[in-house]
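Can you keep this structure in mind? I'll have questions shortly.
Every chain is named by a letter (A, B, C, D and E) in the order it is written, and numbering of its residues begins at 1.
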Amino acid sequence: MSMPAYYTTKDKIWHYTFRVICFAIFFFLLAPILIMIPLSFNAQPFFTFTREMLTLNPDGFSLRWYQDFLESASWRRSIQNSFLIGIAATIISATLGTLAALGLSRSEMPAKGLIMGILISPMIVPLIISAAGMFFFFSSINLAQTYLGVILAHAALGTPFVVITVTATLVGFDHSLTRAAANLGASPTRTFFKITMPLILPGIISGALFAFITSFDEIVVVLFVAGVEQRTIPREMWSGIREDISPTILAVATILVLISVALLTVVELLRRRGERLRGMSPG
Amino acid sequence: MSDSSPDDGFVTFDRVQKSYDGETLVVKDLNLSIGRGEFMTMLGPSGSGKTTCLMMLAGFETATSGEITLGGNPINSVPPHKRGIGMVFQNYALFPHMTVGENLSFPLEVRGMGKSEREQKVKRALDMVQMGNFAGRRPAQLSGGQQQRIALARALVFEPDLVLMDEPLGALDKNLRERMQYEIKHIHESLGVTVVYVTHDQTEALTMSDNVAVFDDGRIQQLAPPAVLYEKPDNAFVAAFIGENNTLRGKVDAIDGSTCSVRLDNGSVVKALRVNVEGTGVQSTLSLRPERVVLGEGAAERPNSFEAEVLELIYLGDHIRVRMNVCGDDEFIVKVPNNADGRDMKVGQKAPVGWSIEDCRALDPS
Amino acid sequence: MSDSSPDDGFVTFDRVQKSYDGETLVVKDLNLSIGRGEFMTMLGPSGSGKTTCLMMLAGFETATSGEITLGGNPINSVPPHKRGIGMVFQNYALFPHMTVGENLSFPLEVRGMGKSEREQKVKRALDMVQMGNFAGRRPAQLSGGQQQRIALARALVFEPDLVLMDEPLGALDKNLRERMQYEIKHIHESLGVTVVYVTHDQTEALTMSDNVAVFDDGRIQQLAPPAVLYEKPDNAFVAAFIGENNTLRGKVDAIDGSTCSVRLDNGSVVKALRVNVEGTGVQSTLSLRPERVVLGEGAAERPNSFEAEVLELIYLGDHIRVRMNVCGDDEFIVKVPNNADGRDMKVGQKAPVGWSIEDCRALDPS
Amino acid sequence: DDPVSLTIVSWGGAYTASQVRAYHEPWMEMNPHVTIINDDGSANALASLRAQAQAGNVTWDLVDMLPSDAQLACEEGIIMPIDHDEMLAAAPDGTPPSEDFLPGSLGECFIPQILYSTVLTYRPGAFPDDAQPSSIADLFDVENFPGRRALQDRPGTNLEWALYADGVDPDDIYDVLSTPEGVDRAFAKLDTIKDHIIFWTEGAQAPQLLADGEVAFATGYNGRMFDAIEVEGMEAEIIWDGQVVEWDGWVVPADGPNLEAVMDYLYFATDTQRLADQAQFISYGPARASSSELVGQHADLGIDMAPHMPSAPENYFAPIVLDNDFWVDYGDELRERFANWMLQ
Amino acid sequence: MAQADATMMGGAGASSGTEKLVTAEGVPLKRALERAQRRRKLMAFALVVPLLAFILTVFVFPIAQMMWLSVKNDQIVNAIPRTLEELRDWDGRELPDEAVFAALHADLMEDLERPRREQATGPMGIRLNYELSAARSAVSRTARAASGFEAPYKEAFIDAHRLWGDPELWRIIKREGRPLTASYYVAALDRQYDEDGRIVQRDENRRIYVSLFGRTLMLSVIITGMTFLLGFPIAFYMSILPMRHANLLMICVLLPFWTSLLVRTSAWIVLLQQQGVINTGLVTLGIIDDENRLSMIYNMTGTIIAMTHILLPFMVLPLYSVMRTIPPSYMRAAKSLGATPWTAFRRVYFPQTLPGIGAGGVLVFIISIGYYITPALVGGQSGRMISNEIARHIQQSLNWGLAAALGTMLLVGVLALYWLYNRLVGADSLKLG
């Protein structure tokens, strides 16, 4: 951005200071991730930069923690679990959440405020309380320490994100499109699958991604509800931190960050595609 | 102007009422009958219930009471997607994720039509609106006028008997708008389809329609062909809403068959056509078109003739609007064609104005 | 019509250019001078650079090259908040979290004015736009027209010498629009403030302005008072953009001082005023206003006279548009006043048309 | 035999690994139809056991827990009472289990397995060579031994040490602590080092804090400290003075699904040889007297394990034996007091 | 053609304001409308029902059930019904008389006959121990020995454990011998019952929860404030950038959001500890000397830094989505009216971001007030929060009633805050990018 001719020196200083401050904050956001990646190549079993690493001596670096991770059966299982639980929970929350958002965005929906409040309560209620409640409840109906229990718990935690994003997408949704479809002779079901669904798909996907990440990064409920069979990645990291803090978790995290970057890119591309479809110029 | 011969009652509204909130009636006791092949326009100010009527006809709103029939059958219990009515939405409502071709093909597809037949019909519809080459484009890649044509083609491609259009030209600029008015009118005539058209632009209504229903406050104020509407408004609202209008207020002095004399507030007496006057002594609004007022030579010979003063001249290209003081009314407008006669008028100048009895209509007081 | 006596150069644009992306010029070599007290309108199609000019004047965009002066002083290095220019934005930009009174008080407050003086000025400004009772409302509680008036009052309350308005009436419906046009014009006259007004509605431009600058493609195509613009367009773009217009195309046959003969494609020869014709043999566009065409009796006496056929009659209330075939052009429009003469025309009827030389202008080919 | 799968709950990490190698693997070799699932839920085992029992859905077969938790669970009736002589193997010389297990270690529902201790560890680099700390009293001496101290964020061990450092005889500590004056005295002693404390919660944090150089002293479980020092080469020394010793062992959830297999496993896994074997993998002392002589070398490092056992005579000179009854009775109150003290 | 004739109308319209509106057929308008709307309402509701049912069963019901634990109190009633009966008329001053002890003996004996899993004295001992230390061993020791007791039982009991001679224990038995109790809430508020059954403050050195709630609240406020201070500039910066660049920066915001919490927390340990990256860097640069390394972790600072980092995206996302929708013309209008850029920002721009600040603030505050993992790992003694205490009571001390009481209080606070927010700003403004 070029500066206007009327800027005084003070204006210019502020102009640059503001940018410096912003980049400092962005740096703050990224610092832990930036620190984590080199440490995952540490040759030593500690979370500190060794002298070799600082002098860029190749001996200070190794792939042993990646190897550790790839060879460990429990890590492998936890990855399977994380994906299994995450995907199953996401499917449940995306389906139910999208349906509910469709209902909520209808103007004739009764008691909208109350229902919305209940539906997003999993996001509002402190996790420890949710976890404790589910722990007692699931124990009493034989769902504790089962996959189904963890999946249901995570689905509940993920739905608010789907409801919120899909509702927001529907606010911008042009309802005359569904009317047009009905007018052209399409039944309500057909209208949903051919018109509504393709158009709100970006919202569903980004809500689903939020739900997936919620499950994928969730530890408190897992600690309470899951058994050893259902250990997820965060749960495995948790015992890593309790037992012996080895850089394996950093290796895992580095890999996960790469996955996150990929997912974020997908979201961004989807968003641009969505805007193109809706006729806005991609920004 | 109307050259269709409406077999009364292809679409009828029978004592239809509509309320959204249970407290106020948005449509109040609507009775309306539209003939097959007719181009019928609903005209009215914003909020007068035009869209609501259209939506009830299309099935997106339910009438609170009363009955709507289509081709003689009540349609209250027919869901929208089974009514077979084409509709052009105000914002076109083209499906953004489909190409133009897919948009047009959609109504045929849901009717289970075969691929080759579909393609053929789509092509014919596109050609009709002169957009034959655009089948592969997305709506976002079209200009407003082009989108409008596609919306029209889509509403017609499945050959409905009835097409509804809700202010389809509202978002277009003047030039494009005029071109599209012409095209829609042309298509209506060549296909013989029945059209219910909503607008709040009176020029549009007058130009295009066989019949115009003037809406206000949830009621039809007058239903008539354009010329009748302009020449013979039934009440003050219609007179004021259609075209430009000078209004003079006064009390009815005497009634003489189809004419009457009205004494204005400044004492002048005006002779006018008796249209909507109950008796002598009541208040009345006189309505007079600016272009029917004769200014200068010839004015004195008219049955109504007054001395007037030019207050303002407003140049409008093809004509000049002259604001004058006539019978104590400062807002009296006279339209003078912008040709030799009109060019040398001056502010402050005095001149006689006059008009004939049949051009001045005595209406209800409001 | 213009009764202000502009002391040329209160605002000047001197060879101003503007590019947003460094590749295309959005404003190309703009020279413009606006006198104190003048009502100057920028008129042009969408994307022609009108808003950009206004933004440069207000200080929200910087000119890529050239100089803008205000009251004789270059303003490039004056930040927007010190320019003291009032501005009415297209969407009004009323601060939604402040009441109407607070909105109006804001410019006075930032100038450090005392409370009682502020209140007094706010009150006066509100009264000026007849919104005296609305000081306590929030913008969201006002209708479009009311918001518009508040925006106007806010732009004027701190008594700027110059007020900019960017399509302030774009969002209003026709009736409101006309009333507001009148009010703005009225305020301009009573305050004597300089106004730069942007619109793409030609009627608005013609009605309100002392001078109109017609923009196209980043250039001023013509800068003139409304009557001159309509009567004597400099080029085909202006002719087509302002008012309705019949265009006939042909080759210049002969030039005779200030007139010329043009041979149309169907062989007819038309005599026209030579305005923008380089020499014989070149292509030219003839521009002729529909209302200047004489139809029927008297037509044969004009220097240009042809036999024509009525193709369509369009009823428009105060006049009838007659589409005719003249000299092979099917889209030739003649406007006939809606009075006794015009009422008995028929489609298919043949009639002579004619016009005088000075009403027909030979312009550049495009 | 039908395939059976046993869920055995323990502490995870190196400790579970030692059990897998010493008990699970040899036993599964003998019982190929059984698979063992290791769950590291011991830290919260009591809560889960209670929840499972209340739900009537017990999924755990065998749980490794501390004797104080075992006592509570036993009183609630959610774990089985054990007849040690009936159910467990005698020593090779025929001594019945009730006499072979170290005195005071058996519980009504509890089968001890190991003796572990909480010990004080320090970083030699933090002090001059000629003034290295050597006793619990040094932990409370900030004058001569400056630097931060990592203590566990609970009253157990800390209060005992405070009194011990204040001159109370190890045998009298719990009597003193049962009186309000004794508690005040302990907290007063803790006050003297309050500003130098970093609290740790999870077992792995203590060695990590030492390794990172964050603290000069750290308390920690002796097995974990052994691992950090001997296996991973951390520079630290253990002070055995005032080590707080405690048992750890098995309990059997009542109404567990595979009782028969569990009993078979327990008979095998608690015999003299197996307990001694476990000491090859981790430096916790076997709970049977008869196992002590069999303790050999570390399975991977090849160093002699006996000197690293809490129970080794040279280490067991001033032990404080954790009184579970005391902590079950007074734990809630003292935890509140301790939490209050931490908050101040 | 039919012209709307306005003469006969079923009272609809202007006639009289108070009269009920009816349709042309005479059906009241409201009812006719309701009939037409019912189907649509049902349709809309049917779409919501699956999720609503799901959330109610797996989420709302379990929490309600947990909250029930905070008043449930059947341990003593189950174990010694006869004793409680005898105690009914006891005045609560002197030791109860022999009849009560005899009843207690009978109760204990009956309990011993039951299968072990159903014995009620164990849970009763544990329950009593929450109120009075060592009450558990009094019960368990006596229960084991009771079969050998002979009348008079009073002495026998007091011999078995000294606490039976303490009227305090009997007062507690009497007070808690009811199926519902408030004593968990009393404890959660750092109160206790005195000899006369009045609720009084606890000993100063046993008060924790109130100040812990206070600390939690304070930390949450600080964290919310920090996320606002850091989040506002970057949200603003992103909102004035072209979309393409803003989305790039948005990835910087979302990336940490999507990186495991545990990893981020560990990374902060690496960065902040005394021998960590920042301290070492500062020492190397000579800004601080080796002895005075900053302690930035295992204390409140650590909690604040790590949680601010973790919760920052929750502030930035709603702020950004609000800022994006504020048209630049407002700032321009303010400047054209003569406001300096700073005034324009303060008076015109900032107030319009308030819904975003509200949404972000409430989200961050609510999440941080219930935070658990990060304070546990980096909080040290001064950075712990109420959730850690709740978790400890559930998992370690097993005082589920107290945990439920603390949780209920926390939940009520959070819900009240959310309700307030909903009233003031509206939950619809909750957006996530």
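Simple rule for what comes next: a residue touches a chain if its C-beta (ideal position, glycine included) is under 8 Å from a C-beta of that chain, and two chains touch if they have at least 3 such contacts.
Here's who's who by UniProt: A, E = ABC transporter permease; B, C = Spermidine/putrescine import ATP-binding protein PotA.
This structure is a prediction, so every number in the text was calculated from the model and none was measured.
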{"item": "If a chain touches chain A and chain E alike, it appears here", "value": "B, C, D"}
{"item": "Core chain by centroid distance, with centroids computed from Cα atoms only", "value": "A"}
{"item": "Chain D and chain E: spacing of chain centres that average the CA atoms, whole Å", "value": "34"}
{"item": "Centre distance in Å when chain B and chain C are each reduced to the mean of their C-alpha atoms", "value": "27"}
{"item": "Between chain A and chain C, centroid-to-centroid distance (C-alpha), Å", "value": "54"}
{"item": "Distance between chain centroids, defined by C-alpha means - chain C, chain E (Å)", "value": "64"}
{"item": "Chain A: positions in contact with at least two other chains", "value": "47-48, 135-136, 241, 245"}
{"item": "Touching two or more other chains - residues of chain B", "value": "none"}
{"item": "For chain D, residues contacting two or more additional chains", "value": "43, 202, 212"}
{"item": "Pairs of chains found to touch, sorted by chain label", "value": "A-B, A-C, A-D, A-E, B-C, B-E, C-E, D-E"}
{"item": "Interface residues, chain C side, partner chain A - complex", "value": "59, 62, 76-80"}
{"item": "Chain C-facing residues of chain A, complex", "value": "2, 4-7"}
{"item": "Interface residues, chain C side, partner chain E - complex", "value": "58-60, 79-87, 89-91, 93, 95-97, 106-107, 110-111, 154-155, 158, 164"}
{"item": "Interfacial residue positions of chain E with respect to chain D in the complex", "value": "116-119, 121-123, 125-126, 129-130, 133-137, 140, 205-208, 211-212, 215, 273-276, 298, 376-377, 380-382, 384, 389, 394-399"}
{"item": "Residue ranges of chain B in contact with chain C within the complex", "value": "1, 45-46, 173-174, 200-203, 206-207, 226-227, 230, 242-244, 289-292, 313-319, 335, 337-339"}
